[in-house]
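Here come two complexes built around chain A, the first alongside chain B, the second alongside chain C.
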Partner chain A sequence: MSKFISKDELAFWLDGLMKDRQLIAPVIVDDQTVFKPIMNVDEIVFDYKNTVLSAKEWFFPTTEPLFTICHKDGSTDLAPIDIEKESVVFGIRPCDAAGLKLLDKVFLGEPPDFIYSQRRDKTTLIGLTCLEPAPQCFCGSMGTTPNNADDVDIMLTEVEDGYIVSTVTEKGKALLSDVKLSDSEKSWQEAKCPTELQVKEVPEAMKNCFEDNYWTRVSDRCIHCNICAYVCPVCHCFDIRDCPTSEETERIRCWDSCQSPGFTRAAGGHTPRPTKGSRLRQRFYHKLLYFPERFGDLQCTGCGRCVLSCPVNIDIREIIMDVPKLGAESGAKA
Partner chain B sequence: MDENIITQIRDKAKDLLSSGAVECVIGYETSTDGTTSRPAFIYDSGDVERLVFNNTCTHNLAAYLSNKKEQKVAIIVKPCDARAVNVLLSERQIEREKVYIIGIVCQGVVPVKWSKVGEDLQMRCKLCDQHVPVIYDYLIGEPAEEPSPTVSPWTSVAEIESKSPADKTDYWEKQFSKCIRCYACRQVCMGCYCRECFAELLDPEWVGIRIDISENAMWNTIRAFHLSGRCIGCGECARVCPVNIPLGLLNMKMAKEVAERFEYRAGLSDEALAPLATFIKEENLGIGE
Partner chain C sequence: MEQKPNPFMPHMATIKSVTDLTPDVKLFNTELDDPAAQSGFNYQPGQFAFLSAYGIGEAPFCLTSAAHRKSGIEFAIRAVGTVTNALHELEEGAKVGIRGPFGNSFPMDEYKGKNIIIIGGGIGMAPLHPVINTIIDCRDDYGNLLIMNGARTPQDLVFKDEFDVWAKAPNTKVELTVDRGDDDWKGRVALIPDVVVDLNPSPEKAIAIICGPPIMIHFTLIKLKDLGFANDQIVTTLEGKMKCGLGKCGRCNVGEKYICVDGPVFTFEQISQFIEQF
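Our next item is the complex of A and B:
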């Protein structure tokens, strides 16, 4: 027996949540589905494939102030940023929730990132089961599934006239405390996301092909924009800069990407990764070797956004399939 | 897919590579969705079977020439891309003798996203008045008489031009607020070849790294000015934009202004420079006289 909420009850509940929380949900802006803070439940799109950007921007915004330095009367004050308002992210897909779990490994290690951890603490995740994966999706190969509820607080699955509700965490339970859920035996057709990509041996294979010309050849095609990193739910690199005005200086951090030529440029102008090939290689070595070495998981959840958005079809699935062959070739040569 | 065109492309590429005339052929191959195409770099004459050509070959490959200055390469160009090659030649970014141009008589391309192919031609192709490349070493396809244009080439900017200044501001603020500064528009553009882009200069800092409406508007506006009269209208900036900002509209408006004021259209020759990219010492500018 599962718990059920009707569509009307769901709308009523979400409307109530908005009174003292920010509600972030998928909406359509210029023909694209994006996560935005909403003012009205009617704006929500429930049957979207996936959003253009992942939900990571609500935990790790494109630009955010870290603190403000104020100079006044001969003294200097440092004002940290406090996140006060509680938020709810509604409609997050399992791949994006898995992305947050991976971001946690980076931002919540010792010492935890002050602002990220505040946002994480003050946000409840309401997941939505994927009923029909898109052609670019491959979460099934990356250790999650279209209905995986492990990384959200509450999971909803659309059935006839409403949603099956799974309460996953205490945080989720608290959010649902005023809601009367009914019992239901309604079922749904579980979606299957492709699982054929063989990822297990990839980190080991990556160790054998660092010097392979393959990376230069793939980078011929790469235009070295930042799209793949910015649409990725797990990429987390940033740049920091001080923005002074006459009274205060704000220290901000903004998204940045290893694909940009300036990313590794050091004082004096030296760039350790000066070529397109070395930058493209860095992206895949981080995802498929360095991250798993450090944190145990591949740095990819199979959301497929980079596959869909790359203007020149640099396809991580193709790289994952090619790498073991390169490793084998290098091994044979040795 | 026109098999005859593909056969000719493959044969020519094979000749060029096996004779050593070029080191690399830049063309198109089928992408991982099995339907659309993507840029291909062929170094070995045994790999020419990868090359394809069809109405999903929307990419302007000319931008890649700036990465291959040291090598002799062959490039497949549609007529719009051929104008881009001319811009690079006239601005002395590439050497003519290092580029072998394989021109394709083009029937137009369709809107393309990975795994999605539009049925109707792209608007720019519907308005195209040049189906044969202006520059090539080898031409593939049969040139036909150009149809006489029935609508203005500037049709796409008419709607935005008719808006009031306040409405235009609203429109572009809304568009630029979506910008995530991924710089895909710059990276894909043949005209954006600066070794150091103004967006990355720190001293002076023309545009901040903050991703917000003010800096985003600055970025997109300056880029449009830098491309004034240099943009050949390949539409790549708008195609690659992950958040659907109609950047082509901005560049098209600038192209129109340059065309009307200076009777100049980018890329028609490998000599002429864009009016706003030219400074002639002797020219009487009427300043300070």
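Our next item is the complex of A and C:
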């Protein structure tokens, strides 16, 4: 027997949550589905494939202040930033929730990232099962599924007239404490996401093709637009800068990408990755070798956004398929 | 719940003095404003910290001072980019931010009893400076100390005031060289790798610690290996563009290693195992 909430009851519950929390949900802006803080439950889109950007930006925003430097009467003081408001992210897909779990490994590792960890603590995740994966989706190959509830607090699955509710964590239970869920026998057709990519041997294969000309060949068409990093739910590289106004300076951090030529260029001009090939190689080695070596998981959840967004069709699925062949070739040569 | 500190917030600090080491290198002596933070700011030779020029930004620099001397937190900084040029504008009394210390360090205890060869080129002497002064202050703990310091011109040699002090210590030699001499220069005019060959240090019970421009390291390494030094007897400190020092900003990796948390000090044995070579 599962628990059920009708569409009307769901809207009423979400409306109530907005009283003392920020509710972030998928909405349509300029024909694109994106996560935004909402004012009205009617704004929420329920039948989307996936959002243009992942929910990452609500934990690790595109740009955010780390603290403020105040200059007043000849003295300099630092003012901290605190995240006070509780939030709910509604409608996160399992791939993006899995992405947050991978981001946790970076940002909550010692020493924990102060701002990210506050946002994680104060946010409850309500997941939404994918009933029909998009053509670019491959979460099934990356260790998750369209209805995986492991990384959210509450999981909802749409059925006729409402949603099946799975309460996953204590945090989720607390959020649902005032809601009367009914028992339901309703079932749904479980979606299948492609599982044919063979990823298990990829990190080991990556070790054998670092010097392969393949990376230069693939990078020839890269225009280092950085979109792959920005749409990725797991890419975490950032820049830190001072943004001064007359009385204060915000020390901000913002998203950055290893595909940008300036990413590793030091003062004086020395740059350890001067070619597109070396930068593209860095992206895929980070995802498919360095991250697994450090944290035990591939740094990809199969959301397919980079596949969809890349203007020159660089496709991580192809790379995952090619790498074992390259490794075998250079292994044979050695 | 216990509130963890924000690891991006620097300690407020004050510049106690600024000394010109060369026409483009200044030595900044600083102190943290909070006395408890200052006395808790312990670090080892080879570690680094971020120094903030408020309103401009922050950048990582090796700690040039030896902590045991308790003579302030020092940075030797060449004016070469946005933050370093802004720091060079600052004078005694100015407020700066210090975040750190970060990274691993030279394993000074492991070096005890060994002959130490220090090879520094230009501002590459900065991270070697606390190594030298640690050895000088505990001279009996270590074997012979050979310091080779090279620079483009005589006026580009850093820590000139200390050469005599170092040279007078027992079993210690200071060998200077420049790429181009001037009218007053009586010393060597030679490149560091050639000086290494000329001085012919023995690899027996020895550790060579080397820091300088990549091209100098490249050729010096070849010469040291010719002399019989093994990869695990040659140590360096790497640098890379960094923003956080915490292994999070994703910028300073060489292959699978982050310079900020796994380094910056590596033996060439370790470096030779990296999948990526700079």
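Things worth noting here:
Note that the second predicted complex is superposed on the first by the 331 of 334 C-alpha atoms of A that agree within 3 Å, B and C clash if a C-alpha of one lies under 4 Å from a C-alpha of the other, contacts with A are read in each partner's own complex, and residues count from 1 in each chain.
Keep in mind that, in the parts below, a contact is a pair of C-beta atoms (placed from the backbone, for glycine too) under 8 Å apart; a residue touches a chain by one contact, two chains touch by 3 or more.
This structure is a prediction, so every number in the text was calculated from the model and none was measured.
Once chain A is used to superpose the two complexes, chain B occupies space next to chain C without a clash. In the superposition on chain A, A:T76 makes contact with chain C only, while chain B stays out of contact range. Contacts of A:G268 after superposition on the shared chain: chain C is touched, whereas chain B is not. Once chain A of one complex is fitted onto chain A of the other, the partner contacts of A:Y290 are limited to chain C, with no touch recorded for chain B.
With both structures placed on the common chain, the touch criterion links A:V106 to chain C but leaves chain B unconnected. By the touch criterion defined above, A:D242 reaches chain C but does not reach chain B. Residue contacts after overlaying the shared chain place A:F46 against neither chain B nor chain C.
Looking at the shared chain after the overlay, A:N313 reaches chain B, while chain C stays out of its contact range. Shared-chain residue A:F12: touches no atom of chain B or chain C.
Touch criterion met: A:N226 reaches chain B, while chain C stays clear of it. Superposition on the shared chain A places chain B and chain C such that, viewed from the Cα centre of chain A, they span 90 degrees in steps of 10.
Superposed on chain A, the gap between chain B and chain C at their nearest CA atoms measures out to 7 angstrom in whole units. Touched by chain B in one complex and by chain C in the other are residues 239, 241, 256 of chain A.
Against chain B, the residues of chain A that register as touching in their complex are 29-32, 52-53, 62-63, 135-136, 217, 220-221, 223-227, 230-231, 239, 241, 243, 252, 254-257, 260-262, 276, 307-313, 315, 317-318. Across the complex, chain A is touched by residues 31-33, 36, 38-41, 43, 59, 63-64, 67, 113-115, 178, 180-184, 186-188, 200, 208-212, 236, 239-240, 242-244 of chain B.
Only residues 1, 4-10, 12, 54-59, 80-84, 95, 97, 214, 239-241, 243-244, 246-256, 275-276, 278 of chain C touch chain A when the two sit together in their complex. Note for the complex: chain A touches chain C at residues 66-67, 69, 71, 75-78, 80-81, 106-107, 109, 111-115, 117, 121, 207, 210, 236-242, 244, 249, 251, 253, 256, 258, 263-268, 270, 272, 282, 285-286, 289-290, 293-294.
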